[in-house]
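Some structures are shown below for you to check.
In the two assemblies presented below, chain A is common to both, partnered first by chain B and then by chain C.
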Partner chain A sequence: MTRTTRLNRRRRLAAVTAGTAGLALLVGACGSSGSDDGDGGGNTAGDVTADLDCAAYEDYGDLDGKTVTVYTSIVDTELEQQIESYRPFEECTGATVEAEGSKEFEAQLPVRIQSGNVPDIAYVPQPGFLKSLVADYPDAVKPVGDLASEYVDANFTEAWRDYGTVDGTLYGTPLGANVKSFVWYSPSAFADAGYEVPETYEDLVALSDQIVADNEGDPDIKPWCAGIGSGDATGWPATDWLEDVLLRTAGPDVYDQWVNHDIPFNDPQVAEALGTVGEILKNPDYVNGGLGDVSSIATTEFTEGGYPIVDQLCYMHRQASFYQANWTTLDPDLSVAEDGDVFAFYFPAPEAEEQKPVLGGGEFVVPFADRPEVQAFQAYLTSPEWSNAKATATPQGWISANKGLDKSLLQSPIDQLSVDLLTDDSYVFRFDGSDQMPGAVGAGSFWSEMTEWIASDKSDEDVLDAIEASWPAS
Partner chain B sequence: MSQAVPTTPDVDAPRGRKGGDVKPLKESRSDKAARKLSSKPASIIAICLAVLWTIPTFGLFVTSFRSPSEIRSSGWWSTLFTAEYSLDNYNDALFSGSTSFASYFLNSIVITLPAVIIPITIALLASYAFAWVDFKGRTFLFVAVFALQVIPIQVTLVPLLTQYVSWGIAGSFWPIWLSHTIFALPLAIFLLHNFMKDIPRELVEAARVDGAGHVKIFFQVLMPLLVPAIAAFGIFQFLWVWNDLLVGLTFGSAKGSHR
Partner chain C sequence: MDWLLNADSIAEKLGVMVVAILLFVVVMGLILFLVDRPRNIPNWVVAVAFSGPAILLIGFGLLYPGLKTIRDSFYNRTSDVFVGLDNYATAFTRDEFQIVLRNTAIWVILVPIAATLLGLIYAIVVDRSRFEKVAKTLIFLPMAISMVGASIIWKFMYEYKPASRPQIGFLNQILVWIGLEPQKFLLDAPMNTFWLIVVMIWIQAGFAMTILAAAIRAIPEDIVEAARLDGVSGVRMFRYITVPSIRPALVVVLTTIAIGTLKVFDIVRTMTGGRFETSVVANEFYTQALRQGDNGLGAALAVILFVLVVPIIVYNVRQLRKSEEIR
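Let's look at the complex of A and B:
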């Protein structure tokens, strides 16, 4: 999800994307419900309306003939799976849901609001964007209805409610989620070399050193590989690195202060975290297996950053749960499982840390109308029924923080592991920081300075100072 | 280089007086250049450059037939004659779920054809009126229409979309067709008007003497002569609409709320 989300942040209507994006939108506009092709995973989607029991839908009332329009950054196959998951709601209430996806969602939504062509519901992928929407168009964004609000309390943790809340009012309810604190590795390669999955951050560093020592004869093989290239959004994987490590070195409370700018961006604790990231990402002994030297991280597309693992040129690649789609793109026969070709382990916390932090992201359902059918549909999206329908319709690559989600419906092992991390009380969840910061930082200087940090070896201090200087005054 | 510029007086003038006629000198220079450029070594260099410049494109072409795993593991040149080639990539791009370019093409055509035909039709009628129908304020109107070109289309996006929404046509193809028409008209009217003005007045007057009305003059006298101008503008407009993203993106979105 965030793969497309990140790209959506392109504000410029770059001509490069003209061919695909514009046309994709129009195809979407022509209605793309229906066929269930290309799940990419080899797994198959289930039938969402099998054994449908409409009893759980009685609260929504009779909505026959009503229509709810949805606007989202989710496109293609993922959008088709979304549309599929609305069918139980449509069949039980009689309402129709029209979903439209656009890769230019973030640029287009304000235009549509201004011109009055407002969708009933939009899926906003960043809390920061939600905040600016509420600030810029206070009349357009509607507070969440009572039923949906109740469901959020019942099915989600307090933290998720907070991310959809602006100035004390709930404007967004959580939809999907993803977990970013993962390190991808090859279980078979680990088994061959006799390596064990590290339990603590110290073990992780020790393992890296051991891999370096074991491969002294072959300088091409390195413990880590990485890539932060992503078009206009180049640098975001590096911001995830810093956020993940800051959560581990300074703890969730400092992280929250840093995200909300209660402490400056270049606080000494952040500098320490960046230094720790640098010990891996800017260590020529550790990176960049199969891809080149340190600066090659900046020129490698993030989609391809983990591929050397398959060639056994690198052993570890820190990237979010959604990276599993890239493995099946690379080779549909790769098995993503704990005993398969590739899998991921939790990016470990230091031994001294009591709680294990989890970095993640997700989308929020934001209503622009308060008609009964819109409120009912939003309530449905926060219900366990929808989560389970979505899990049934999606072979791989979708999870939710909904407590009512039946884990056994998820077919992909990495999705199951992600849900474990999200629902286990010994893990503390934190939302991606750059998605919460003001756009000038979170979708601007943070990305570009982290790219500079790697590409032209800019110093830790200069990078943090430059980002702090770019933080908007108000 | 300075003597190569014939208009520079302090170089050219004394030379012309001393050396006699300037014209043969000029010709011989261009002849010399032509001779040099078409000589054998020059041709060989040109062909070498052309081949060198084409290699990446050719590589792209070859790569398009290779399988994704091969693309990643080896260069196209390494297994040029031994590799297995297939059309799978084209099949994926054109018809598979995530990037079905075939349907995108269809969309492009559905948008482009009316967005070319509508403005040309209107512009032809308007430019005929501007060129051959006498009415009060003609010049002023014509200048006004042409001056509208200076308005950047980005400024008009939100107001136009607001208008389409209140007319209730948002979500159909009409906003895109109409917008492209609106943005194309000033230039189309200007170009076609100038072309029509160039047609000899005698021709139109002769037709009028023979009893032809405006409709007959337009279709039987002017239209055959205008074909090159229409073709030129048609190609121009086609390319612009086909390559456009901004207009399609803004006006192509689905209908918002069903209130």
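Let's look at the complex of A and C:
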């Protein structure tokens, strides 16, 4: 009797231990995977419905009791800020907006279209994806309504309209934007070492050499740090590098031809640009401060690629404006400002280049229904009212190319600088090239080949030839 | 009845749950009642009543998608133009897919053998030992963790930092302690595939151990006794008595793990995203069909996977039949 009881108890104990340990591991795993979404730092969001004047909303009509469903890749805090920015529309028109975010957006949207479970509106982050949606599901995607189309003409530049246009028809209207031509650095570290923010590409290279010379005694400290890891999208930060440099070495016109495949992907001018990128990213003297050698770029998560700047193990990190959220994730006390702990400078152009190119990205609002409330909501999203409501609801990390956006509502210095670059006429804007290319290239071989280029030192020529070979025939 | 379709509050959701459970009870009760009551209904009615729902569900959830996948594999990326064997030609000739097929072969050969071997040795070693319960619990634990969870744990185990920086990966810390250079486990091909395989073995060895330990326990005591009287012990006991006696269990374990390994997706996707030459067929199928919108190529890869699994299942079923005949 006693023997069995003891045995049972021991068995139960073992089971409980096993269960708890397993549970703890699972909880731990979940916790760590969800933690890289910063909540936007110390700044606070404003009230979007303060002093709400419904006069600007009269064009949308009375939409009481109507519902618009939105599907997007935006999740967590950013999605909450999105939903917050819809409140003026909801209060003035009576409509309800139901937004749903998924990190599997790109994979799930075609599945939802095929199964007939289509959202009214989807936020598509890549013009290339929009093109393939229109080509693959011509009946599902609806042209943009007249009012929203008018608003696009009034509030955005021609170029932004073109990114949402497929074969002459407007299918997507611009939503948010981001600027990718930034180099993150530490103003305080630069001041301590007596470095100046470089004005030209030549200065940038000279500064890199100087940092190498100044830190000869310490092999850990390098001028640059980088990371291109991003799950199954690994490689995209490297494609941004090539696009940014191609814009500088060959100019925006060649860039457009390259994106549209009017010149082959492995054109000599592209090869030259890739060589220039290689002089930084594949130069063992320049990378990868605090993270390892050249190949460590491939396994470092892009979210962590700039972190060695804080430890002064590297001095520069080229990454988009949205990287500011990662600094506050690393340490909520870091100040992102021109005189703070970290800030970004414009990725400079060569001295000989007259135009200063800016690489950027953004999302597009694509309708899958043409009901009045859907068209009205899309028009609202292209209006200055929405841009300003969104700016009010977002403490940091959001901008738009909307000309009506009131810059003073932006609370983060990097967002203000981004808007300056987008609206200043001396800068030429170009949309992220990989986002415009067909999915097989832009979300496939371009990513994977650039990863190979770094991870296994594949040659420039082989990389470009392989991507050219993967370009879809039709 | 609107709340039934659009349950919002907790009370409504609980209500929906109660309704669902009641429906289940009613339907099951009805089936059991109908089957039980009359004694003289024809056999085929009973057969249909029992297997009908299952056949319907298999037809709708397995057969139809299966046939559609086979059809799609002969069509273009949007499944509307017939392209013949083009997708298969792509899958078998492009360099990157050859690496994918090679990796899948490595996985399906190594994982079942290693996991079964480890499980078998472990089962014998801990059998009837003092720590049996704890030891078995320990190796069975990984089975309780999801594949993604296990992958994240092992990603941290393999984490690389340069030699001069503090290590956060366990394995590299050990390498540094014994004076070696830290390794980029997940980056350096082709070894990185083997490091991923370790994760699968870690998960599956517990499964193998559990089944095999039960089989070893079931070996009749008299056979072991007789062998012992004949002077057999140690390795020869293992070779001539234990292994032949648990052969059916071994086959089941090997084939089950092999099928699971062919379908492996979570580990590769979580740990490397299929980069650095580590992709396998299931991951590539997902990438092509869902990320790049190429239904045809995705379907072709799925069919290849299916064709690879079939012989294993056939072998498994035949072995089962054989052992039933003996009985």
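Assume the second predicted complex is superposed on the first by the 434 of 474 C-alpha atoms of A that agree within 3 Å, B and C clash if a C-alpha of one lies under 4 Å from a C-alpha of the other, contacts with A are read in each partner's own complex, and residues count from 1 in each chain.
Here is the rule we go by: a contact is a pair of C-beta atoms (placed from the backbone, for glycine too) under 8 Å apart; a residue touches a chain by one contact, two chains touch by 3 or more.
In this text the structure is predicted, and so the values were computed from the model without any measurement.
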For this session: Applying the touch criterion given at the start, work out whether A:Val365 contacts chain B, chain C, both or neither, answering first, second, both or neither.
Result: neither
Exercise. Counting only touches as set out at the top, which of chain B and chain C does A:Val111 meet: first, second, both, neither?
Worked result: both
For this session: Would you sort A:Leu330 into first (chain B), second (chain C), both or neither based on which partner it touches?
Result: first
For this session: Using the superposition on chain A described above, determine whether A:Leu246 touches chain B (first), chain C (second), both, or neither.
Result: neither
Exercise. Is A:Val179 contacted by the first partner chain B, the second partner chain C, both or neither?
Worked result: neither
Exercise. Is A:Val463 touching the first partner chain B, the second partner chain C, both, or neither of them?
Worked result: neither
Problem set entry | Shared chain A contacts, counted only where both chain B and chain C touch the same residue | 15, 17-19, 21-22, 25-26, 29-30, 111
Exercise. What residues on chain A touch chain B, complex-wise?
Worked result: 13, 15, 17-30, 35, 37-38, 66-69, 71, 76-77, 80, 98, 100, 102, 104, 108, 111-112, 114-120, 307, 329-331, 368-369, 371
Seminar exercise, completed: Listed in rising order, chain B residues that touch chain A in their complex are 68-69, 72, 96-100, 103-104, 107-108, 111, 157-159, 161-162, 164-166, 170-171, 243-246, 248-250, 252-259
For this session: Provide the residue numbers of chain A that touch chain C in the complex, in ascending order.
Result: 10-11, 14-15, 17-19, 21-22, 25-26, 29-30, 32-33, 106-107, 110-111, 132, 136, 219-220, 230-235, 290-293, 295-296, 298-299, 439-440, 443-444, 448, 451, 455-456
Problem set entry | Complex contact set, residues of chain C against chain A | 77-78, 96, 133-134, 137, 140-141, 144-146, 148-149, 152-153, 160-162, 164-165, 184, 186-187, 189, 269, 273-277, 286-287, 290-294
